[in-house]
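Encoded as structure tokens, the structure appears first; notes follow it.
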Amino acid sequence: MQDDEGQDKAGVETGTLTLRPTVAALESWLVETHPVLDHGFVRVIDYMGDDAAVVQAARVSYGRGTKPGRADAALIRYLMRHRHTTPFEMCEIKYHVKLPIFVARQWIRHRTASVNEISARYSILDREFYLPAPSALAAQAADNRQGRDRPLGADDAAVVLDLLRDDASRCHDHYEALLESGLARELARINLTLSTYTQWYWKIDLHNLLHFLSLRLDAHAQYEIRAYAEVMAESVKAWVPETYAAFADYLLGGAAFSAPMLAALRRMLAGEAVTAETSGLGRREWQEMMAALGRD
Amino acid sequence: MQDDEGQDKAGVETGTLTLRPTVAALESWLVETHPVLDHGFVRVIDYMGDDAAVVQAARVSYGRGTKPGRADAALIRYLMRHRHTTPFEMCEIKYHVKLPIFVARQWIRHRTASVNEISARYSILDREFYLPAPSALAAQAADNRQGRDRPLGADDAAVVLDLLRDDASRCHDHYEALLESGLARELARINLTLSTYTQWYWKIDLHNLLHFLSLRLDAHAQYEIRAYAEVMAESVKAWVPETYAAFADYLLGGAAFSAPMLAALRRMLAGEAVTAETSGLGRREWQEMMAALGRD
Amino acid sequence: MQDDEGQDKAGVETGTLTLRPTVAALESWLVETHPVLDHGFVRVIDYMGDDAAVVQAARVSYGRGTKPGRADAALIRYLMRHRHTTPFEMCEIKYHVKLPIFVARQWIRHRTASVNEISARYSILDREFYLPAPSALAAQAADNRQGRDRPLGADDAAVVLDLLRDDASRCHDHYEALLESGLARELARINLTLSTYTQWYWKIDLHNLLHFLSLRLDAHAQYEIRAYAEVMAESVKAWVPETYAAFADYLLGGAAFSAPMLAALRRMLAGEAVTAETSGLGRREWQEMMAALGRD
Amino acid sequence: MQDDEGQDKAGVETGTLTLRPTVAALESWLVETHPVLDHGFVRVIDYMGDDAAVVQAARVSYGRGTKPGRADAALIRYLMRHRHTTPFEMCEIKYHVKLPIFVARQWIRHRTASVNEISARYSILDREFYLPAPSALAAQAADNRQGRDRPLGADDAAVVLDLLRDDASRCHDHYEALLESGLARELARINLTLSTYTQWYWKIDLHNLLHFLSLRLDAHAQYEIRAYAEVMAESVKAWVPETYAAFADYLLGGAAFSAPMLAALRRMLAGEAVTAETSGLGRREWQEMMAALGRD
């Protein structure tokens, strides 16, 4: 076993020879920490496989059925388009992430990953908590129960920030005082705010990571978790560029149309001037289809 | 579809006829809410299967191989002892639970369940937070990094409680003020403390529930989650009494001995006066074995 | 515990009162066995939840965020359209299925279910094997490596059937002879053909069942597993009619368009005469889009 | 992307530099194919992590709680003894395996792995089927419904082998004839015997792999799957030697005692001459305990 402190340092200089597939563009992520929000970060700890590993696994499944000479990129696009997901499970990546607890609570809903999080029963959490940048301090959206609208004005923002900072600070001061007084760590931590930072190792396969990204890169995802997804998306681009390109075309940039949407679309293509009222669709479905067609 | 408010009330009076297996002792759990901690509760929403469903599934697997006339209870004990876990997956239960966020964070590590939690992006959380009873306000254990020792003295406890109450109250007051000022709900909630209550629906199969209980009924589990596990254990006893009895004998009350422990045990049984020093075991392993043998 | 033979008989006459949600239309499935292929069947053993349980779980998650008075069916459609999948996990169903081994091998790829299969290490398998009906005895598709083309002519079909029947019969005769000679059951069974029938209990939640059905009802699924999916789809219609209707509109009858497809579609809607060549799409993508638009 | 044919050859000579953890002893497994049974094999395709990665993940979880200077091996033993399983999920391995279909059917019950298997809908299976070596051609156990007894006599074995070989050969000949006649591949394959070889890529994390091995290395596992487990166990020893040593001590070589067993054991240690009759245990439980104590 290697010392887990010394490993990176030794590694930076020399590295180790391996017969495994390696991805040069991802190796630099192993030594760099990518900042997110005010105190968070994303770091790649390890990875397994590459674009070729996806192709190789697909060729086991479809055997002689995959035409010799077929370009790898085309096969990856075919797999993505037809949701043949198992070859993408053959790649794996492990991140070290520092993130606010309220983000961690959204993130952990994805159950198909492995997690080791700092335990506040064993350890004392650092005095770090998330304070939104002014541009992120937004009002509740009026037309969407879960969304944000435009940022608060400068004065309102200052008031909000003071309040968030004061409460998080006081709660952390008291957390430390409670520990000082001898209270069990597992109890003292209940005084911390949801803005407090935690850390974890998070390991997931490429298929499930793409699913995570498709949900968390979405405009409806909370800004704070989206900030993590965007950095992770960059790591995936570096790691498996062909897979990421297919993902961007078929999942991120695509749209799913229902049977009634397809029926309305056929009428439109036949030259009929279909409106929200004559479409047979609900108001929101109509809006969603128009948005996907760039007509909103 | 039935109205989800009216269902229980109508149900209490009449019920509905079904051909599914039904467990009379669990039906009362469908209308009663069992309190846990200061504001929490456990409620059974629905269930599927019973002890007989475990036996029936096992008989599909082992077919003619299961002796006719073999008592069902004996078969359940055999399955439990040999960790034939799949027949226990054939029963399912769904709970409605109200619990502090720090408990929810431990709980959700069990990934083999389905969860729907109140979202504080959509909803406004109630003004309820956990304050430990004086008997639960314990000092950090000296010999165990994650445990609790004896309760604090009355004076210290009063100071701690005031502090926890004040901080949680103030954070919730400010949460409401932030909402009032128009801040997006998804941001305002980051000001809440980890002691704040949340709620969820949690659905799991019997095998995974027993695994959850074996970890969370353990003396090393944090007291607050253990309080939930104890109530849920009562619901399992009502639901599948034979399975619970086997679980209590083989998992809860049992002990796993390593190869070196077994070697030491053989020497002891052969009459040798084995000590910690001569046992070949590490100090903690020796202590654990002595505890399992009731010799500590 | 009830006797697992007597349960259905007793149940047919009386049933038991329960406070759980029940679905009258699915109760009859608990006593009827639905035949599939030549010797197979599908039977519902138990179920948990209904359309209202989906709505109820969603209302926990989105709390006050779900408009009071919003029709349940509209909420179910919203959840399905936006892939809010967790409320659908709150319903569960358990089937007893008899199916050929080659179908079982495809089926088991769905890992999110619980299974108890007859073990041929313990039990002796019945002398039943699948022989396709003449209409199912189809030639290899020329344009599709995994598909079937039209049925064989009557003469060819007769030859094929004789051969399949003879081999399966002889292999089963010898299986019995090997058992007779004292060979271990776990070895004798390796002589059986993949057409041999097996049986299992299969339990899955509604979300994962719909995913299974969306793949196995598809025209590209092998006919024999599709035959099971079609019967199971009927049980889902009986069980959760609103959910099934939304599933049919959004998943079964819908289509996913990629970013390049959407770009081509916009040009078409703008009146341009886009062709396969000018579309910027690969040949197969173009064909798939035309098919979805009813223009092939 | 690399050519998936050329990769190994190029790799053998040069390898690639990486900053990831690398295990010299496992690298040779990347180029060697380990034979199993008459035509099968196990090959390691890729791996992620090492013993140090387990330790590193545990130190994230237990943070400052893990004593500095504590030996890594001791921490791994502690994690294994207390079933702290998540750090072991942080390592991953991917195998290429060739195996008979009846073994594949047992294997796939482990649902926590990723699989890509050759599809006989797309590809034509090779003419290879498993024939047991004479030493493996055993009689049905009399005292155990699923086990094997001693090998058949030479004459009986010869008869059995002829029969297995003839049937598998004829079925494969006819499979080829059916393909020749134009029958769809997905139908022709139903004529093959369960002894036919298939291949897959199988990827799993270390925790779940150890669980697989603990079940499949067991004396009650069928000999043929045990043969695979034994080769894979060697790969795990090469990969994570400290973890494997702890696994061997705590899981493979250990024993779980029930509450009634512990009660009997206490009486024995107190000097009482406990017998099967006076133990309060069932006959089989008593035998199992005596076996674990080396007293059978």
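All chains are identified by letter, namely A, B, C and D, in their written order; residue positions are counted from 1 within each chain.
Basically, a contact is a pair of C-beta atoms (placed from the backbone, for glycine too) under 8 Å apart; a residue touches a chain by one contact, two chains touch by 3 or more.
Because the structure is a prediction, the values reported are computed rather than measured.
Peer 1: Kindly list the shared contact partners of chain A and chain D, in label order.
Peer 2: B, C
Peer 1: Count the C-beta contact pairs for A-C and for A-B, then tell me which is higher.
Peer 2: Between the chain pairs A-C and A-B, A-B carries more contacts.
Peer 1: For the two copies chain C and chain B, is the contact made of the same residues on each side, with over half of the numbers shared, or of different residues?
Peer 2: Here the answer is same, because the shared fraction of interface numbers exceeds one half.
Peer 1: What whole-number Å value describes the gap between the mean CA coordinates of chain A and chain B?
Peer 2: For chain A versus chain B, the centre distance works out to 30 Å.
Peer 1: On a C-alpha centroid basis, what's the spacing between chain B and chain C, in Å?
Peer 2: 34
Peer 1: In chain D, which residues are in touch with two or more of the other chains?
Peer 2: Residues 62, 65, 86, 109, 115, 119, 122, 145-146 of chain D touch two or more partner chains.
Peer 1: Enumerate the contact residues on chain D facing chain B in the complex.
Peer 2: Going by the criterion above, the answer is residues 62, 65, 74, 77-78, 81, 86, 109, 145-146, 248-250, 252-262, 265-266, 268-269, 282, 284-285, 288, 292-295.
Peer 1: Touching residues of chain D toward chain A in the complex: what are they?
Peer 2: Contact set of chain D toward chain A: 1-4, 7-8, 11-12, 14-22, 27, 30-31, 45-53, 55-66, 72, 86-87, 89-90, 92, 94, 96, 114-119, 122-124, 199-201, 203, 205, 242.
Peer 1: Would you mind writing out the residues of chain D in touch with chain C in their complex?
Peer 2: 100-102, 104-105, 108-109, 111-112, 115, 119, 121-122, 130, 132, 136-141, 145-149, 152, 156, 159-160, 163-164, 167-168, 170-171, 174, 177-179, 181-187, 189-195, 222
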